[in-house]
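These notes open a run of structures that come right after.
There are two complexes below, and they share chain A, which is joined by chain B in the first and by chain C in the second.
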Partner chain A sequence: MATATSITTPVASPAASPATPRAGRGSFGWVMGTLAGLGLLIAALPVVIILIMSFSGGTNLDFPPQSLSLRWYGAAFDVLFGDKSEGTMSAFSAMTSSLIVGLITMLASVSVCVPLSYAVVRSHGRWRHLAELLFTLPIVFPLVVLGVAYLLMTEALSRETGVDLGLLRLAIPHITLALPFVLRNCLSAMSGVGVDLEEAAMSLGASPLRAILHVVVPLMKPGIMAGLIFAFIISFNEFTVTFFMYTIDVRTLPIWMYSRTVSSLDPTTLAISTLIIALDVALIAWVDKLVAGKGSLF
Partner chain B sequence: MSTLNSGRLRLALLALPAVVLLLPFLLAVVFVLRFSFSADTQSIDGFSLERYLGLLDPFFLRSVVLTLKLAALSTVICLVLAVPVAMLMAAITQPIWRRVVTSLILLPMILNLLIQSYGWIMVLGPNGIINGVLLKLGVLDRPVQLLFNEIGVLVGLVQTALPLAVFPILGSMRAISAQYLEASASLGAAPWRSFRDITLPLLKPGLIGAASIVFAFNASAFAVPLLLGGRRVQTMGVAIRDMISPMFDWAGAAAAGVALIAITLATLMAATWLSTRTTQWQGAR
Partner chain C sequence: MSAAPKNLINERLLHMDKHLELRGVSKRFGTANVLSDVDLTIARGEFVCLLGPSGCGKTTLLRIISGFESASSGQLLLDGQEISHVAPHLRGFGMVFQSLALFPHMTVAENIAYGMKLKGVAAAQRASRVEELLHMVQLPAIADRPVSALSGGQRQRVAIARALAVPPKLFLLDEPLSALDAQLRDSMQIELRQLQQQFGVTTVVVTHDQHEAMMLSDRLVVLKGGRVQQCDTPSQVYRKPANAFVAEFLGAANLLPGMVRGPGVIEVLGSALALPTNLPAGSAVTLAVRSEDLRFEPTHADAPARPNSISGEIDFLRDLGAKSELILRCGDERLRCHGGDAQFQSARCGQRVNVLIDAERCSVFAA
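Here is the complex of A and B:
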């Protein structure tokens, strides 16, 4: 709340000293610099603290840590891959589910968005607006309501027909959430592929399908890769909708972590968190390199 | 003519798989809407407005007020922080630093909300960093409660929505010509005056856009109030979850979800109306 007042008070003050613009510039720069610094601090603080505390040598979470060690990473690997990691409630099974759901989300969303983006771009932009609008809907839709909607629909389906979707129970909503981002990346990749290259291939005797598969798709590769990675990141980190959809048998790593920490936080969870952060950052850096800053997260 | 039609058919066929994958979403939307008008609480049966009338109980109305309050407060704080951050980002010329700051700001968007809440628990908790520092400095004699109440939720909402505020404002900021500010400075205006009379009015579309996105996003927040409010801060998101389980009032949850969307949409429409009005007004001036 201090930030709100600090911006309003100086607005009136420079009028008091119009003869000394330097003083005014000083207070303006100082206030803006402080607020910008505060904004950056708030954005990054939780992650920084997790990184530091995951290397703590102690058993409690007092900051700063008394000593540094890798012991909690050992404990994390033990929890994820060790002997205790058997059974459907285990971290290993949750991690496997997360990876499988992420893989399904990646492959399904990208394999439909590549042909869609071809169709949209080649129909001379007439459908582009409609397609973008339709496929943006899932991001504007509140996640809680999406969670309720998918839960009610899935439960009704299993009650009426007895169908058990298994991991698809989570993969179907994850695909919905990934589609907007994947389509964005495929569209921007497809926009760069000129129709003349395709026509050249066809004039040399390639069928339209072959021209697409052998000319267009390879040229779209960076956008396709970016789409794959974004889809995985979205699925792997999804919490809200999954929180509505999980069952005893079907749960992801974030849900496992939530049920573990619902009463208290422990350093092992922080080590697992750091590993997930490292994976996310590495994947984002990879996308950034692939599309050279043209990737669209929004 | 036949080649044109077959070309069109081919494009339609290429678009079809994506539409099929979007279908569950569209069905889910229709389903939740239909469920909210159900006469039965656990299955779709008959038509009734009972679920919506049921939302008028004091418990749910309190959570509506709380949600709107937290969303509005976090929007104001986000804007106050986002404008200076956007100014900083627009001012940075070195590519490396621009990248560092952009990544820092994007961090809350990319990373898992659950994991980030662990960070806040260690910062805000009774044994956390803020309490530790304040106790050591002698400002406090006993820890203040910053977590599992509205303060903790507010901090989390500000952090997770900050990138959503920064980028629309940055877009408007980049469109402001530096010449305006130079002209106003050369005419003797102090920086605060230039900021108030030139920068802020020109930023208005970006500010309104940012405010409506942040408000809509935070009004429907679920993970942050759940994790940092510890279920004690009953925002609409948490209240909806509690209707599903332990209360098993599915139709009620569906109606509450529809109400949440209606409130969000009403806010966005009001914001659009406001922004067109102000741009017209600026044009007239």
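Here is the complex of A and C:
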């Protein structure tokens, strides 16, 4: 080791040579560490600021807050669940819509992706790349354009046939956005299920469908659960496309928060945001536990 | 020589209780012929090994029998009933996969009971049958363990128990012991054979290991390039191989090129040998002699030639404990030779020898 060091770094000063074997990575490691820290800070800063601000005791959005309190959490609770004033009604119905749309997105995308990933994986990967590409298209598409496209289609549908999609006008674009993530989870879960297991079930008398239900689906379960949770998070947080699609009757919590923020910037929305972040973190921790198993971070 | 064993087999077929019959089974993948016109009849309770090098079609043949692959042409008959188009789950054949394919999300007991559960066997009965089977495969008291906690040998036994839980019409195994180490494989071979006899189930095993095949089976089916080369008892296949391929594949035979010089005379490496043959003079032949059937005696350069021998020289010698292995160089050919006799003890490298060819212990094939 020592000779190798002296050969590869002939210009190293005598003072540096008795350092640890990792000395060669020292300055490099420092740069990497700084960059990683900076990245983490940029990623976490908004969340941290919102977290702090939501506990503000003041009535404005000055940072840092002068005092700390839970008053905005009380206000958020009042807005969502309190006595039915007009604003309360719309916040509560927005939250209910968000939950329902999220549930529809979850169930629909998973019930598309489980059979699809089965078919794709069992076709020996021939269709795998095509399917992944097709389903990834919506996320490389500019979301604004996607919003316009869905708005045009929905309007045309209601004009021509008179069909009112209701909450589905939000759920359908959300499903599109959730599909690539759910599909990837299902595909990787499905790849781990050997065809020999299915054949073993069949050799023991299970029909092909039963073999899938008894063997494939249980083994895909972590992937399916992860897909469900991803779909819910994507739908619950979606804003851009939803912004084009919402109506007075059909709106989600992010839309309600946006309109509230535009009219009066008060920390109530920040308190609600913190609650949503908490929900998301809990769900992501669950996904991590399902996917990583014993190696989970949480 | 080629007609005699065939008649013998036909004679045997007349008297046997046909269980599974394959008639002209062929399989094509695109333009590749994986199996060509395979005829095979398996008697009730018989243990048959499909043996051959990788790519010979043995696994495809087993998958056609199990129903996971369909034949391009030909028929599959079970007890005289055509089953070519019966779905695999309705065939009622127990199968042990090369990967074993134990269900990782189930315990040992759940794995074994799965087939019974599908048949609607009551829970109490299932549990007692699982106990019984685990006892048979010598694994009591592991019923509640997850499959992932088992060793290789234990998994193997569980896979066998699972396939036999609902008594199968046919027991199919695809390279079942290939994942085990040599010692464990040896004891599992004996156990598998005993279990098969205990259950009396008609069994077809795919293997590429000729020792395993010889050890397990009542009958060997040697395959090459999708064609049956020979189908006979292990000792017959070993003693009277149908062609040079079978001779070489079943236990390290030496193959020597030769030429028929007259009735019963074959010239090999410059020596005229008296060997039975009915091929006309002038035809090229291959002489196959097993390494353990070669004998030699020391000689010197100006000694008179011995009848039925080839002169050569000891090229390489090593002691394997109970036996010795040596390589004899005769002209351009190198012959491998095994034995434990006194002549091996006194052999020295570079010694000139006469290699004795015993007509009873070698086979002649048209080249």
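Quick note on the criterion: the second predicted complex is superposed on the first by the 246 of 298 C-alpha atoms of A that agree within 3 Å, B and C clash if a C-alpha of one lies under 4 Å from a C-alpha of the other, contacts with A are read in each partner's own complex, and residues count from 1 in each chain.
One rule holds for everything that comes next: a contact is a pair of C-beta atoms (placed from the backbone, for glycine too) under 8 Å apart; a residue touches a chain by one contact, two chains touch by 3 or more.
Everything quoted here is computed from the prediction, not taken from an experiment.
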Chain B versus chain C as contact partner of A:L219, first or second or both or neither: second
Touching partner for A:E199 - first (chain B), second (chain C), both, neither: second
Which superposed partner A:A75 touches (first chain B, second chain C, both, neither): neither
Partner chain(s) touched by A:M257 [first = chain B, second = chain C, both, neither]: first
First (chain B), second (chain C), both or neither touched by A:Y118: first
First (chain B), second (chain C), both or neither touched by A:G29: first
Touched partner set for A:R210, first chain B, second chain C, both or neither: second
Superposition-derived comparison: chain B or chain C, residues of chain A touched: B
First, second, both or neither for A:F135, with chain B first and chain C second: first
Touching partner for A:M153 - first (chain B), second (chain C), both, neither: first
Intersection of the chain A residues that touch chain B with those that touch chain C: 208
In the complex, chain A residues that touch chain B: 3-4, 7, 10-11, 13-15, 18, 21, 24-25, 27-29, 31-36, 38-40, 42-50, 53, 60-63, 108-109, 111-113, 115-116, 118-120, 122-123, 127, 131, 134-135, 137-138, 140-153, 156, 159, 172-173, 175-176, 179, 183, 208, 233, 237, 239-240, 243-244, 254, 257-258, 261, 265, 269-270, 273, 276-277, 280-281, 284, 297-298
Chain A contact footprint on chain C (complex, rising order): 66, 68, 87-90, 92-95, 97-99, 101-105, 114-115, 118-119, 162-163, 165-166, 172
Complex interface listing, chain A residues touching chain C: 194, 196-197, 199-208, 210-211, 214-215, 218-219
Contact set on chain B toward chain A in their complex: 8, 10-12, 14-15, 17-22, 24-25, 27-29, 31-32, 35, 43-44, 76-77, 80-85, 87-88, 101, 104-123, 127-129, 132, 155, 158-159, 162-163, 166-167, 185, 188, 190-193, 195-196, 216, 220, 222-223, 226-227, 236-237, 240-241, 244, 250, 253-254, 257-258, 260-261, 264
